[in-house]
Structure formats: structure tokens, C-alpha cells
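Some notes on the structure that comes next.
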Amino acid sequence: MRESMEFDVVIVGAGPAGLSTACRLMQQAQKAEREISICVVEKGSEVGAHIFSGAVLEPRALIELFPDWQERGAPLNTPVTSDEIYLFQDAERAKKIPNSLVPKSMHNEGNYVISLGNLCRWLGEQAEAMGVEIFPGFSAAEILYTDEGAVKGIATGDMGVGADGNQKGSFMSGMELHAKYTVFSEGCHGHLGKQLIDKFNLDADADVQHYGIGIKELWDIDPDKHKPGLVVHGAGWPLEKGTNGGSFLYHGDNNQVVVGLVIDLSYSNPYLGPFDEFQRMKHHPVFKQTLEGGKRVAYGARAITKGGLNALPKMCFPGGLLVGCDAGTLNFAKIKGTHTAMKSGMVAAETIFDALSADDQGGRELSAFTEALQNSWVYEELHRTRNFGPAMHKFGTFWGGAFNYLDQNWFKGKLPFTLRDNKPDYAQLKEASECKPINYAKPDGKISFDKLSSVFLSNTNHEEDQPCHLQLKSKVVPVESNWAIYNGPEARFCPAGVYEFVEDAATEQMQLQINAQNCLHCKTCDIKDPSQNITWMTPEGTGGPNYPNM
Amino acid sequence: MSILIIAEHDNSSLKEITLTTVTAASLIGGDIDVLVVGEGCTGAAEAAALISGVNRVRVADHACYNGQLAENVAALIQSLANDYSHIMAPATANGKSILPRVAAALDVSHFSDIIGVESADTFKRTLYAGNAIATVQSSDNIKVMTVRGTAFALAEKKGSAPVESLTQVHDLGLSAFISEALAVSERPELTSASIVISGGRGMQNGDNFSMLEKVADKLGAAVGASRAAVDAGFVPNDMQVGQTGKIVAPDLYIAVGISGAIQHLAGMKDSKVIVAINKDPDAPIFQIADYGLVADLFDAVPELEQAL
Amino acid sequence: MKILVMVKRVSDPNVTIRVNADNSDVDLNNVKMALNPFCEIAVEEAVRLKEAGIASEIIALSIGSSQSQEQLRTALAIGADRALLIESDTALEPLIVAKLAAKVIEEEQPGLVLLGKQSIDTDNSQTGQMLASITGWSQGTFASKLEINGDKINITREVDSGLQTICLNMPAVVTCDLRLNEPRYASLPNIMKAKRKPLVTKAAEEYGVDLAPRIRTLKVETPNIRQGGEILSSVAELVEKLKTEKGVI
């Protein structure tokens, strides 16, 4: 028997959505002079260890949550000073898009270049100061249900289980954390969120969800080249026609910049490697001139939920709510999700607090949340930009971009139709025989790097003797299907070198080797595997990256 | 300036690492005395007298120094300390145990594991398992430090220093030597071998380490292992080279089936020549190896043994 | 018997540390911090001694910044009974840490002090030995096994040539090596309980110890990065190169 603990609210994941939920709940409880117990579990070794984003923050939700955020020392140190947008024609050339032609959603006045990890660390401190129990290093491994089928909490994963599945000397059983309401805020494609969507059919009325993969590096650069607050976005090269995505370069504080690439996981060429595209991209003069002579200090990768309003599932179910990127509240037109994630958490908190105040004993479906969210600015924002992603998918970067310019600037997103896109990303891969291999240059060790030295900079570590957290439904599919038909795309779409196809010396057969200890927890494999054969499970708590300032 | 060096020895013989400490001391300058403390340690004292650059060997040979117990040895050194500007020892378990105790007794600070001598009061040492090198300066009148053997060359053995017996007996009675279980190995010790061949998880099991032993026998090398191989239970802990194991810097380091996790690199990256044998061409070990062989170790290692 | 366990807040062992751009120190800005792994082993050993009925109380002591409270809470969650933080805004040298700890020993009169064999930040391995020196106690460094028999304690030490066993008079200072034990995970209920265990904070200045540094760090640099050499095509070529080009075999 596992031990259990009781809380009013259990929150899964200490990201902006989960911590905003926790803070807002505590604020309301304090105002109402009511005791409330809130527990946040976080699989990272500390708050912020597993999270990163670009990030340019629109502070709207933060201002609502903590109007005195400046006095409280929120780490918003670099206001955006200027926006630049480039269309990359090839490896050398780029066109700077005049400001007047840029979709409104891409303007960043009033926003801040931040580290989302540091914002979460700060939010965690605010939450703890108000009495929220935050437990980093504990992963929510399993959803617990009542006999009636309502969510009654989660169970943390067992610790100290060997790779062979047997208990080691250090074994510690997981704990059941029971709650009246459980809020799932795991970020994009959370492994529990995925189960909830499936079990409660939350996406019955939604389009298929779409994803991107974001890869980012933090660099120390030459102070002479540093322009705090400069925000650069780009589209086009190195991505081939039919592959959508965009690059970014943000100048933060401390003579640091972040450089990154988001690639739409709807890409079709199995030879494409998002990591390799990103490494190649940095050689474009627009990036290279800034990075040259600098030093890379951190690396990370994470999938992004980008389907927007059309793909947004129902976010309430008996006993719980789904918030932030776990549901898919990111505004892809702005390439921002922190503010909407935070706001969705705050609305969730208000809904739950209202219920608890009415002496709700939990386990109900809080449909008031759907309504409250629809009446909030999150919905208004997502509705306005609902066509942005599908337009890109349908018309490509250039004509899609033109559509988006007209849609966003002239019609304010109010065109009376909605573009749909119902083919899941994993089904987009073409067979390798139909595609041209992409020749990526070897990294030069100055601007571009290999995967393993990159993973090293993410400070990723997993206890080595534990069951593999990347589970295969079928052992033969990787070789018989993924290798045979798609040339083993998992070896390329994984940005951490987790998946390797190696030839077994004895049998001369290809086999898939999974280096689970490299895993950055980006979830791309669970999303893009053409056979949907890989299931991402939580490894032992604290495992994964330790991102600083990301 | 005068320097006292605490010899590393097993009574009958002097450990070579002592010679590197003499080299470090000679970079400071001044008279160098070597102190040999033990029971029945005439052999070690005679060997110390041969070290070039040594002014005098001082020997404290008494039953109370059996096992070189830190309490007694430190008390002895403390009683001699006022004659010296520097007290140094090799950064071995003994040196690291005894000298901080001496430093505190003298109310001075202590530098651990120095890797460079900048001047008489300024030294270099590593932090964060070798990820940073600090240059540090002491304001104390007596400088006490341990010296990383792999960072300095061996002093020559062409000297003939006088040997002087010390009669002081410092038996504090706080501790007693019980026993010593020497790691049984016909091969040189990992930390002092001039050639080291190490295996990683690519070895697949402990039995396969016999392949490395055969090569080691031909080369007079010590056999080491990566943390992954130790963690996998292939070989015992005392073979581990790396951040949490032993730090080695032989003339030749051969890494077999070792991917080159940074933790391992921290323990061997100061080797003069590094050879990596790994079937994965992207293994990070190749980024620091002087010579790389992208090959199946089960072919390459027997072939190497044959070729020697 | 009371046991005093000393614990230190250090950067997480899984995090790679880099040097500041101005070479003044390493960059610990927003770096994940943790309980020094060897200290964790020391805490675990103390808890095992308590569970075996040998120790009656475990006091965790940390000397460092106010954030070291987090590491003391970890020690409390593993099983220490109460904690003392001697707070200092600046990093204190091992000699000063040992002097402060000696003052705590005067107050608390423990029968055994357990520490990690070294901290993984400064890699010094000094504090335990210095503390034993100042208190005049016996010391057992790099312990991979310890056995208490009345007022004696047998320590098996990891030394260069293998293992050495010595017998110490108690009270004693023992520094713990990697293989002494495998620390347990702190459970959620114990982490919550640890938040309510007593943790006293005192300023380092209160102890009447001269806190002035004796050591000046002139600069901190990144070690030279070794460059990769050549990939060879055969074992024969390798042997040839080692013999002729490098002369190492």
C-alpha cells in the first residue's frame, strides 16, 4: 500500500501555468481568510530546472497576478527596445521586412526579454512565501481516479527501482497525493495530460493538435555587439520549402543572447534533423556576426503546443483541470505562450476557489472554467489568431505570411472563416525513398556543435540504473517500420541523441539503442514518431536537464 | 626559505610521487628537507637521500608512527615546523590527511592539491573537479600544501643527501593502526603508472576486462575503468578513473569503449598522450584524444595485444 | 551519544560550472545548488547510527550563506533531528569553518563528528582534519566503513594502496568517502516534517572567531581545452605512431 497525503489542490508541474494557479489560489484564500492546502509537484531537480522558452514575455498576466511585480523583484530586466524581422533567402542573403509589413501580433513594444526558468524560480518563491508546498524532484507518474471515474489526485513515481525492474536498496515507494481538484500544468504534451485528453475525450470537438520543436542556446557575446532588448525573428532558410518554422535571436542582459529555431513538427522529410537545421542556421551572417567570438553556455530543446484555438481541447473533467501548454493555450501568431498559460492558470484558480468556497468536496467537472476562460482575454487573443498556424501549413511561409499580414493587420483576425488542419504531425512524414537526404555540414566547434557536447551544456543527468523511461509499444517497429521505411527519423528528430540505430555485430541487424540518460524531456519523440510507438514516461524524480538562466 | 617535504613511502621503499613534490618545491626555491616518518623506514630514507636537490633527509623511525597515523605524524611535523617556510606533501591519502591537521595546529591555511607554483606564496589549484583553475595567494608565515603528483615532473635521483635521525616521539595515543589490505595487483598502481588502459561500458562485462589486462601486461600498464563500468558492476571501485575516482596523468592513456563523459575526462585529461578506441565515431572521447580508432574494441584490442 | 554532521551547500554535481567572463570566480548565477554528495553520505551514516540505537540525537551544522538552510532542511528530511546554521555572507575558509565548528562542539559536546571527505566545489578536503586538530580529537579520513565499539571506533579508510583500518578513541572526527553507504531518498512526508524541525540561525560573528581570510584568489581561469588529434585507420598505424611519433611505448 502506498502512503497518501490529502490536499485541497494538487498541481502537476511548476511552470508558469501551475505556479500562477498556486499563487492565485493563495491570494484568494488570503483575501477570504480561508485555509487552503496546495501542493505542487515538479519532476525537475528544482523549480525552473526543466523549463525554458525564448523568451519574450508579454507581462499582461504577470501584472494582473502581481501588480507590484517590480517591487517583488520579478526577473524582468530587459525591456524590448526594437524588433527586426528577416526573410532568409539562402545561406548568405536575407531581406529585412519593413516594420509596416510585419503582422501586428509580431510587434513587441512593452514586452521583456526574460529567462522563463528564472521567472519560474521567482514565481516559486512567491508561492512558497504564501504557503504553497512545492516538491521539486518528485514526478507525477500516474493519475488516480475515484471509483466513479473522477480524478482524485496523482501518485509520484517510485524511486530506487533498477533497470531490471527490481527494487534496489534505496527503494522508496511513490506517494499518493489526493486532492479535491488536481490541476495539470505539465507543459506541452504532458504525459498525464495526454492520458486525460484520451480518457475524457477532451479533444472530441477540437481539431488535431499541432506541435513544433524549439531548440535554443544561450551565448555570452562580445559586449560591443550586445544590444539589450533587441529582438530578431526570421523565417525561410535553412528550412526547405514545405517546412515551416522560424528563428529567433534575443539580446537579454549580462552580455548574453539567446538564439533558437522553432520547427513545425508537420515537416515531411524524414531526413530532416531539427538540431542540424538549427546548427546550420547559426552560420547565416545575421546570426554569425553576433555569435562570432562568443561562447555558448547553455543548450536546450522542448516541444511546443501550437495548434491554437482550433485544436484547444476541453480543459475541464471530473476532479481536475488542464491548463497552459498542457492544453495548448500558446498564441503561435505571437510565438508566446507564457502570458496565456499564466492567465489560464489564474482563471483555473479562481474557478477552483469559487467551488471550494461553496463547500465543494471535489471530484466535479468544473465547467465554469470553460466559460470563465472564454470570457477572458486568453480566448479573445487565441480567436483572433486562430488562422495563423493553419495558414502557414496551407500556404507556406511566404503566402501564409502574406495571409497573416492581411488577417492580423487589416481584419484583426475577424475574417469570417476558420482554416482547418486535421492531419496529425506524425502522419506527415513521407517515406524516405520519396525524399532527398539532407547533407548537413559537420559542426565547426565554434558556431555549430554536435549533439553530445550540446546535451552536456544542458546539465542533463538521469540515475543510470533505472527502467528506461522511453517505452516502446513494439520492439520490432523501430527497425521494421521506422528504419526500413523512414530511415530512422527518431535518430534525427531527437535533439539529444537519445535514439541511435546501431548495427548488431553478431547478427548484422540494425537495432535501436535508447540512451535514455541524455533525454531533455522535450517530448518530440512521443509526438513525431511516425509509428506512434514511443511513449514518454516520467523517469525517476530530479532526472533530466538542469537549465540555468534558460 | 626552507621547505619540508613529507615523503610518501611504505617504509621499505619511497613512492615516486615524492619526487614530483620535490620538483614543485624546487620551483619555490630554498633548502629542501625530506621527512620520512614510519616504523622500520630505513629503506625509504635511503631512497629519499638519492633525490637530486634534497638538502637533508630527516627520519623519524618509531613504533608510534606505524601506519603513519595522522595524529602522531602531525604532532611531529608541528614540532619541526618553525624551521620552515613551506611544508609540502604529495596529495595522497596520507598527505591529504596529515597536512590540514598540521596547518590548523599552526593556525595557518592550507592549499590542497596544487598544480602550479607561481611564486613562493602563490600557487595554482583546481576547483570544481578541474573545471576551473584558481591562482591563490597565502598571507600566512608558513605555507602548508599538498601537491598533485601528475602536475609536476619527477626529480632526478642523483643526489646524496645526509640522513639525520629524529628522536622525538609523539605518541598521542588517540588512534591505533590495525591492518592494511593492499589492493592485490601485480601491475603498477593507477595513480603512478606511466601507462593506463581503461575500459568503459563498451566492455559489456567484467570478464572482458581480461582483454585489457593482457595488453596491460605487455605494456607494464595499470588497468582502470570509467564510472559507467564501475556502476555496471564490471569492476571494483578502486579501478575508477574520473572526477569521483582517481585522477591520473600517465604518459599514455588508452580509453577503450569509453564514450568520454566529462566526469571521466576530468580524471584523465592531463595524460600526455590519449588514445581512444570506440566504435561510435561521435563519442566525445575522440574530441580530446590524440589518436582515435573507430573500431569494435573486440577486434581492435586483441589486435593491439598481438601488435605489441 | 550525540552526532554532529556538517553539511555544505555546493553546486549540483550534475551541473557544469563555468568561469566568469572577468576571471574573478566561477559563475553560480541561478545554478542549481545541492547538498554536497559526500555530506549527504555523512548524514545518512549518522541516521543509520541512530536507527541502530548507537546515536541518540543528530545535529546538522552548516556554515555558509542563508540559503544553506535548504541543505539543512535536506539533512533534516533524511533524518537529522535539529539544525544549526552559522550564517556568513562571504565564503569562509576551511580553517575558519573548522574554528567555528569547534565552538559548536564545545557547546554541544557530541561524541562523533561526521563530515564529507571533501566538498565538490573547492575540492579542499581540509575541514574535518582541521577540526580534529583544533579539538585535539582523533581523526578518520576517507572512511568507507565505520564500526563503533564502546568508546572506540574502527574506521576503514580508502587509501592509495587499498584499504587501511585504524582504531580511534572517541570522540572522533570522521570524514566519509563515496562507498560508505548509499544515501536514502528523502520522502515527501519527511520533507514536510523537516520544515517543522528546529533550525537555529546564528551569525558567524557571534562566535568570537577571526573571520578574516588568509587566502587571496588572484584569478580563476578555464583550463586549456585539449584538442582532438587524428583518427587512424588501423591498429598497426596506432602502434607505429605511439612508437615513433610519441615514443611512449
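Some notes on this structure:
So that you can tell them apart, the chains are marked A, B and C in the order they are listed, and the count of residues begins at 1 in each.
Assume contacts are C-beta pairs under 8 Å (C-beta built on N, C-alpha and C of every residue); 3 or more make two chains touch, one makes a residue touch a chain.
Computed from a predicted structure; not experimentally measured.
Taking the mean of each chain's C-alpha atoms, the chain whose centre lies closest to the overall C-alpha mean is C.
Pairs A-C and A-B differ in how many C-beta pairs touch across them, and the larger number is found at A-C.
Averaged C-alpha coordinates put the centre of chain B at 21 Å from the centre of chain C.
Distance between chain A and chain C, defined via averaged C-alpha coordinates, is recorded as 37 Å.
With centres defined as mean CA coordinates, chain B is found 48 Å away from chain A.
Contacts with at least two other chains are made by residues 16, 18 of chain C.
For chain B, residues touching at least two other chains, in rising order: 262, 287.
Each of residues 456 in chain A touches at least two other chains. Chain A makes touch with chain C in their complex at residues 3, 5, 45-46, 48-49, 115, 117-118, 121, 133, 135, 138, 156, 159-160, 169-170, 172, 175, 177, 220, 255, 297, 456-457, 459-461, 546, 548-549. Put simply, chain B touches chain C in their complex at residues 10, 67, 69-71, 74, 92-94, 96-105, 107-113, 122, 125-140, 173-183, 189, 191, 195, 219, 237-238, 244, 251-252, 262, 269, 272-275, 281, 286-295, 300, 303-304, 307-308. Only residues 11, 16-19, 26, 93-95, 98, 120-127, 129-134, 137-142, 154, 157-169, 178-179, 214-223, 226-232, 234-236, 238-239, 241-242, 246, 248-249 of chain C touch chain B when the two sit together in their complex.
Per the touch definition, chain B reaches chain A in the complex via residues 228, 231, 262, 282-284, 287, 296, 298. Note for the complex: chain C touches chain A at residues 12, 14-16, 18, 21, 29-32, 34, 182-185, 187-189, 191-192.
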